[in-house]
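Take this structure first; my questions come after.
Labels A, B, C, D, E and F are assigned to the chains in the order they are written; within every chain, residues are numbered from 1.
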C-alpha cells in the first residue's frame, strides 16, 4: 500500500518591495502596477508555505527531516529576505518583485536542495486577501 | 521552461439565506436541512476565493490583470450579493442556496469573463468550519 | 494577596438581520443605515465574547464554573439567535438590531444569571473588521 | 454537465502526545525527534479537515449528508482523541504519533464509512505553522 | 440608565519603514533596533484598530456615524500611508517609525476630528505577534 | 504631555496538562473538571500575551527594550514549558494547571524582572474559544 503524505510548513518574513519593470516607461509602470508602483515602495508581512510530499517512513512516521527543512529555508530564504527591501536583492534586479516571481524564486532556491521529487509547491501569502502559488519543473 | 503560477484572491460579502427546496414538503425540508431551514432565514459573512492560473508574464511578472479581476468580481458578484438575501436573487428561485450551489453560480458567472482556461476553482467559506469548492467545465 | 483573573469565552451563532428603525421614514432609514437597510436583510457569522472576572479559587484554580456558563449562554442566547432572523425576535420589535444593541441585549440577559459582579463585558464580532463591546450597569 | 464540488469541514480536538519510536534507542529518538521526544509529552489543539467530493444533488443542492458526516467524525475520531493522550490509544502502540500518522489513521477510519469514492483527503493542523495532509488508497 | 458601548473598527494599510533615529550614531542605531535598522527598510501589513466609545442612540441604536468614521480614517490615514514608505512622510522626519509612534500619530490625527471624548484608543498590529496601543490626552 | 503606550507581544508554547486537584477525591475531580480530568492528560498550543505599558522614549520611539523582553520570556517561560507536561513542573505540584493559574504563574515570574510598573497584564489563549487574563499586584 501507498502511504504518501504532505507536510506544509509556514515561514515568515517582513520585507519592503516596489513593483516596477525597468523595461517599461514610468507611465506604463504606473498604469500596470497602480499604487504598488509608488516611488519609495511599501511592504508586507510575507508568509511562505513550503509543501513537501513523500512516503511516510515506517520507523519514524515522518516524510521528511523537519529540522533540516527549517535550517534550509532559514539560511536560503529567511536570512536573505527578512527585514530587507526585495528590490535591492540581486535576484530581483531584472525581475519584478510580484508575488508570482517571489514564489518562483523560492521554488528555484529550494528544489535542488530538497531530496528528489519531494518539493510539491510554494505558497506565498502577501496580504490577508492575496495568495500566490508556484509549482515549477523538477530538475533532473 | 514552464512558469505556471496561481493567484487566489479573497473577496467578502454578507448575506442572508435559507435552505429550502420548493419541490420538497415542509417536513422533508426540515429533515434534510435542519435549522438551516428555519422560516425567516439566517446569514453569514461569506468569503469567496477566486483562483486563476497562468503563465507568468516575463515583463510584468504577473499572471493576470488584478485590477480587472477585482472589477469583474465586484460588479458581477459582490454588488449583487453583498447585504442581500440570496433566496430573493433570480439565480436561486429554483436552486437551493447551499454553499455548493453558490460556489457553482460564481464559477458560472466568472468563467466566460476570464481569459480562456485561466479560472481554476472557486472557494467559498461559509462559516469558520465550512468550506466549499467548485470546479466546473470550461466552455468552448 | 488578590488573585483576580478574567476568562473570555467565545460563542458563535449565524443570523440574519436588517437595520431599520420603525420611527424613521424609509428615506431616512436608507440614509442612516445605507446597504444595511436593504429590504430583505442580510446576515453574519456572529461571535459573542463573554468576559467574567473573579477571584481564583484556591482549590480548583478556576474563577467560574465553565460548564454552567456554557449552558447558560447556550440556552439563553445561542438557541434563541442561532440560525434565526434577529428582526423577528420579540427583543428587537422596537429596537434596531445594531451590534451595539445585540451586545446590550446579551449583557442584560446574562448579568442577573451570573454570580454578582462577575460579568465584566460582552464583545460581539459582526464582521472581520467590526467589533462591538458593551458594559452595562450591574443591578442590585 | 458535471457538477462536482468539494466540502471541507473542520473538526477540533485537544490532545497530548510524544514522538517516540519503540524500535529506536533513547539516543536516536532524541536525535530524530528533538524536544518532541521529551519524556512526559506535550500537546496541541488539533484541527482536522475532512474533504469530501461529489456530484451536487439536483434537489437538495448538497454533495453529502452533513449531519451524518458530523456524527461519523464525532463518534469515530473526536470522542476517541479529544482530551486524551494519543500515545495511550491502541492505534498508536507501535506507530509514532506524528502528524502524518494521525492523519493517516483518520483517513483509514473514515474511508470505508463514507460512500464510495467520496473522501478526498484528510488535513491536520498541529500548530499554527504545521499542516499535514493524507490521501490513502480507496478500498474496494 | 447608562448605555455606553464601544465600537472597534479595523482598517488596513501596507507600508515600508525603517527604524532609525537621526540623533543616534549608526552603531547605536544598529544596537538599539537590530535588523529593523537594515539600510533599505522592510515593511508590514499594518492593521489599525480605531475604538470609539459613546452612548447608544435610542433611535438608531448606534454610537457613531460609521460611514463618516470610514471616510475620516480613509482620507487622513489610509490614503496617506497605504503603499507608502513611512520614513518619507513629513510626520516622521524627526520621529522614529516605531509602532508606538505610528499609533500616536494616528491618535493625534483623529482625536480632534471625532466628536469630543469619543475616541478611546488606537491599536496597531504590525506583525502577527506585535500589537501596539495608544491613548493620548483628549484636547480641550 | 503624557505619551503612554502599550505593547502586547505574543509568545507560543505547546504543552500537555491535566486538571486535577490533589485535595479532592477522584469523583469530585471528575465532576469539577469533566474531560479535562482524563487520566493521561491532553494538551494545547498555548499563546502567551505579555502587555507592557510605558512612556514612549523621545529618542528611540519605544516603550521598552523588545529584545530584552524576548530573552526574558524565552528563558523564564518558553524554555520551561514548551514541549513539556505542565503537571510535572515544580510550580504545579500543588496548584491545578488551569488557564487562570498558568497566567498567574507567568505574571509572578515576569513582574519583578520587568522595570517597575511596566508589566500590565498577562493573557493566555488556551483554545480558539478560551482566553484567560491575569493582573496581579505589583510588588515593592
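As a working rule, contacts are C-beta pairs under 8 Å (C-beta built on N, C-alpha and C of every residue); 3 or more make two chains touch, one makes a residue touch a chain.
Predicted model only: the values in this text are computed from it and were never measured.
Listed by label, the chains that touch subunit D and also subunit E are A, F. At the subunit A-subunit D interface, residue numbers used by both copies make up under half of all numbers present, so the two copies contact each other through mostly different positions. Note: centroid distance subunit B to subunit D, computed from Cα atoms, is 28 Å. Put simply, the C-alpha centre of subunit C and that of subunit D have 34 angstrom between them. In subunit E, the residues that touch at least two other chains are 128. Of all possible chain pairs, the ones that touch are A-B, A-D, A-E, B-C, B-D, C-E, C-F, D-F, E-F.
Residues of subunit C touching subunit E in their complex: 19, 21, 23-24, 32-34, 95-101, 103-104, 128-137.
Those residues of subunit E lying in contact with subunit C across their complex are 1-11, 56, 59-63, 67.
In the complex of the two chains, the subunit A residues touching subunit E come out as 12, 14-17, 35-36, 38, 40-45, 82-85, 88, 127-128.
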